[in-house]
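Pasting the structures in now, so scroll down.
Common to both upcoming complexes is chain A, partnered first by chain B, then by chain C.
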Partner chain A sequence: MAELAVLRTAVEAGERTVIGGQHLLAGSFVALALVFAAIAGATGDTFFFRLATEALIFAGLALSVDLLLGYTGLLSLGQALFFGFGAYVSGLVLKHVAPSFWAAVGITLAATLVVGLVAGIIAIRARGVYFALITFGLAQVAFKVVFNSRGIGGSDGIIGIPQIKVEFGLFAVDAQSPAGFFLVTLAFMMLLYGTCAYLMHTPFGRMLMAIRTNESRVPFLGFSPWRAKLAAFVIAAVVAALSGSLYPMLRGLVSPELLAFQTSGNAVIMVVIGGVGTLVGALYGSVVLTVLKSVIGTFTEHHLIIIGGLFMLSVIFFPKGLAGYARPRLERWLARRTERA
Partner chain B sequence: MSEVIETLQFVYAPQVVNGLAIGVAVILMALGLTIIFGLLDVINMAHGEFYALGAYLGITLVAKGASFWLCLALVPVVMAAIGYLGERSLIQRVFHSKDRHILTLLLTFGLAIIAEDAFKLVYGPNPYKPESPIPGASELLGITLPNYRLFLIVAGAAIIVAVWLAVYRTSLGAMVRAAAFDSQMASSLGVPVEKVYAGTFAFGVALAGLSGVLLAPIYSVFPTMGKDFILLAFSVVIVGGMGSIKGAVIAGLVLTQVQSISSLYISPVWSDPLVFGIMVLFLMVRPQGLAGRLGHG
Partner chain C sequence: MSEAELLRVDHLAISFGALQAVSDLSFSARQGHITSVIGPNGAGKSTLFNLVSGALKPQRGRVSFAGADVTGWPTHRLLEAGLSRSFQITNLFFELSVFENLRLAAQVLEPAGRALLPAARSTVARDRAEELLEDFGLSAKATGLAGHRSHGEQRRLEIAMALACRPKLLLLDEPTQGMSHGDTQDTALMIKGLAGALTILLIEHDIGVVMNLSDHVVVMHQGAKLAEGAPKDVRDNAAVQKAYLGGVH
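Moving on to the complex of A and B:
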């Protein structure tokens, strides 16, 4: 019994430092974002605020890819399907139903639960590389259908989406205000991140990690991997769609490119650069990719060669990504600090 | 009765022949993909870019004064060398890790991004339209068909048969199948598995390059040409069964006919979703595809 208690304390201490490392990374992310907002706000900038808001929105998409890849071991090559779906639903609601933030987000959430469930039942029948290919195929079908449907704007997408105010009861934030909407998006994304991070530390999250490690053994322990995978798929779909639902509020338009393979591929790049299986890495990855694109983009229009090269280098030499590299070091630092205290 | 025959002759027959011309080209692409998957377990996301590279090498050589026929012989050799080096320097780096399926997929995906942008950098974004090496048309059963398409069908069919013979009727092919069935056992019997892996990858890449050269006179050559074509090739590989040569041939013929004939009834823009829909359906109901994997019967 004594050994068991020792073991338990050791495991719990280890988990605390893991969570501590992750909290530290997430906290620094928010701090960096706020520092950026203070500087950009003081200089009265618009362009970089919009760019940073877009990076945050795509970070949500990357988060959903990491939820599937890093925790459940399912590589989705079609996560843009849900991102684009959320953007389209939100755009249509804002334009034709009510120009309200909460209506757009609420209807997107409800619609994605249905669509995610249907797509999930189709997709999780496939394992391994077949899952990657089936999500790729589903997203391509959706992209071609949207691209050729005149009713929702076809290849032009939806334009002229009304500008809205985000109502918070006591006060309202104008989505047109660069700083205001940046802070709203930051809060929204950290809420999504926090929910995902919390879920991964529940028994459900442990189950997903068990599936990633060895799916065939899970049924022997008396659990259904099918149900857990379906739940993970639907949650990831919701995260992607809710992120997408903010896009039309920022840009005032929705285009079919949001559903294209490029969008899904970018999200995978963000996750790999940021660190697979860390969640917080997806946020950093999105910021890194957006910064890289705009910095290299000022020198050459062929920025994809450099981004592709960095991506390949990081797959070969740096497979744990930024957060995967930083986290264990932060944990050791935290552990040393608690020892001293 | 004569009306039915006329419809068949003038409406369906040209579509069937056009479908066949695209079909053999897609099968060449799909064979490369499926052999690489069957042996190495690698989903080559850069296969479409290798196809584009073949086409670009072809137009470069023609611009330097080489004839189309010389290109047809030379490009696969160059592509094979590129494929061999690519396998040794990139795929092998992550091949022995636990997540090799996902890592090799990501690696080839990165390669595809770089290649597409490199084409834009070197050749510009505008399409090239090479001259047809066999101009003119001939009349067959009362319908006029471009000579080059007829040549493409015959040459493509010959290459497909040659690939089949190489895999199933030569000792080299037997080594490949043995390595696909059980690489450790094959290795202990003296098959140089590492070289077989690299050689097979090179072979698949050469096939992609060859179909690039063959198709360039029909479709134009442009940086994203691989991306548009690879989806069809992936659908063929999945419906046929990943790693199956027979399946790829059957699925290639059927899917391109579906695409070709359905475009008589629905707008061609909807034929892509139709083919992808069939692919998704297969992944749901019969993920192993029509036929068995390379080296497994």
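Moving on to the complex of A and C:
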């Protein structure tokens, strides 16, 4: 019995360290973001605020890719489908229904539940590379349809989306205020991240990890892998779409490129750089890639060649990504600290 | 289906192309007994397990379990009904810890509503996992990855996982496969101890183990039933000796 008590303590301590390591990385991300906001706010900057807000928005897309790839073992090469869908729905709502943050986010959420479910039923049928190809195909079809639909602006996209204020009851934040909207986006993304991180520590999340590890064994645990994968797919679609719904509030426009393969591919790169299966890595990866693209882009228009090279180097030298590299070290440090206490 | 029969298969058949893997097979497994299925390689034993556990759907015939017709039920539904199985080729979540493997296998005992609460709240699954760790002597290495354990430990974990859901019927597919002589004897004793409260359907190559453990033996040959009966009767059966034991003696 004493052995059991030791075991339970060890298991619980192990889980606490994992969660602690994640919290530390997520907390550092928020702290760094706030430090950045303080400095950029003090210098009256606009460009970097906008860039950082965009990085956060794409971080949500990367988060959804990691949810599928890192936890469920499904490589989506078409996650931009939902990101772009969210951006378009939000843009249309803001322009034609009501210039309200909550209306745009709420309608995007409801619409994505339906679209995610339909796309999920189609895509989940396939595994491995076929899942990747189906998601890729679905996104390409959506891209072409949007690109050729004059009703929603065709290749130009939707422009002239009204500027909004984000109402919080007691106060409101002007989406045109670089610092204000950066903070709103930061809070929004951390909420999405927190929800995903929470879910991964529930039995549902464990079941997803079981599917990633050995899908064929899962039915013999008494659970339908199909249902769990579909749920994960819909959640990922919602996370991507909600992130996308902030895009038109930041830029005042949406364009078909948001659904293009480049957007999906970038999200996968962000996850790989940040660390597959870490969730928090997606946030860091998005910042790294967005900053690199922007900084290198000021020197040369062939910035993709350099980013491709850096990507290969990071895969060779940091195969587990930034968070994947940092996390075990943080966990060891946390475990040592707990032992001492 | 008599009351004492927990599992009954009637005229079960499946073929893969030209190969008749299982043909017109009927037998039953009695409540609390150990029923063994033996036969040479390729006799269709594992296919039979796949048919009974829902991994394959039969082309003909019927599977009844606990009084219900469960033919064609999906695996996860059969497990919820109390039919669990282990695998001939160790089939674990190698990248997860030994404890997590067992907790996942016991998760089905929890109320469904706990699926979205923190995993630590699933105390029924946790307690069941701890109980099995102790019963199977796996506690010392529970936090390590299942993939890092020895073959014998993985085989034990395989059986423990099949037991985690507190099944009524346990299908054991060559539980002693690749085990040392000592481990085989220990496992046989353990299986013997499980019977009674539990009904067991066993596939086993080790004839000594089968003859010692079984209450009833079904002999398969080329997909069909060659003989069945008490271990002793089966051993003395001339057709069985010719087809199966003939090579040994």
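As a convention for this text, the second predicted complex is superposed on the first by the 337 of 341 C-alpha atoms of A that agree within 3 Å, B and C clash if a C-alpha of one lies under 4 Å from a C-alpha of the other, contacts with A are read in each partner's own complex, and residues count from 1 in each chain.
Criterion: a residue touches a chain if its C-beta (ideal position, glycine included) is under 8 Å from a C-beta of that chain, and two chains touch if they have at least 3 such contacts.
It should be emphasised that the depicted structure is a prediction, and the values quoted were computed from it without experimental measurement.
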{"item": "Partner chain in contact with A:V295 - chain B first, chain C second, else both or neither", "value": "neither"}
{"item": "Which superposed partner A:V118 touches (first chain B, second chain C, both, neither)", "value": "neither"}
{"item": "Which of chain B and chain C A:L34 touches, first, second, both or neither", "value": "neither"}
{"item": "First (chain B), second (chain C), both or neither touched by A:G308", "value": "first"}
{"item": "Chain A - residues contacting chain B, complex", "value": "69, 75, 122, 125-126, 128-130, 132-134, 136-138, 140-141, 144-145, 147-148, 261, 265, 268, 272, 302-305, 307-309, 311-312, 315-316, 319"}
{"item": "Complex contacts: residues of chain A adjacent to chain C", "value": "3-4, 7-8, 10-12, 14-15, 198-199, 201-207, 209-210, 213-214, 216-224"}
{"item": "Chain B - residues contacting chain A, complex", "value": "43, 90, 93-94, 97, 101-103, 105-107, 109-114, 116-118, 120-121, 227, 231, 234-235, 238, 242, 267, 269-270, 272-273, 276-277, 279-280, 283-284, 287"}
{"item": "Contacting residues of chain C [partner chain A, same complex]", "value": "53-55, 74-76, 79-80, 84-85, 91-97, 99-100, 103-105, 107-108, 110, 114-120, 122, 125-126, 130, 133-134, 139-140, 142-143, 162, 165"}
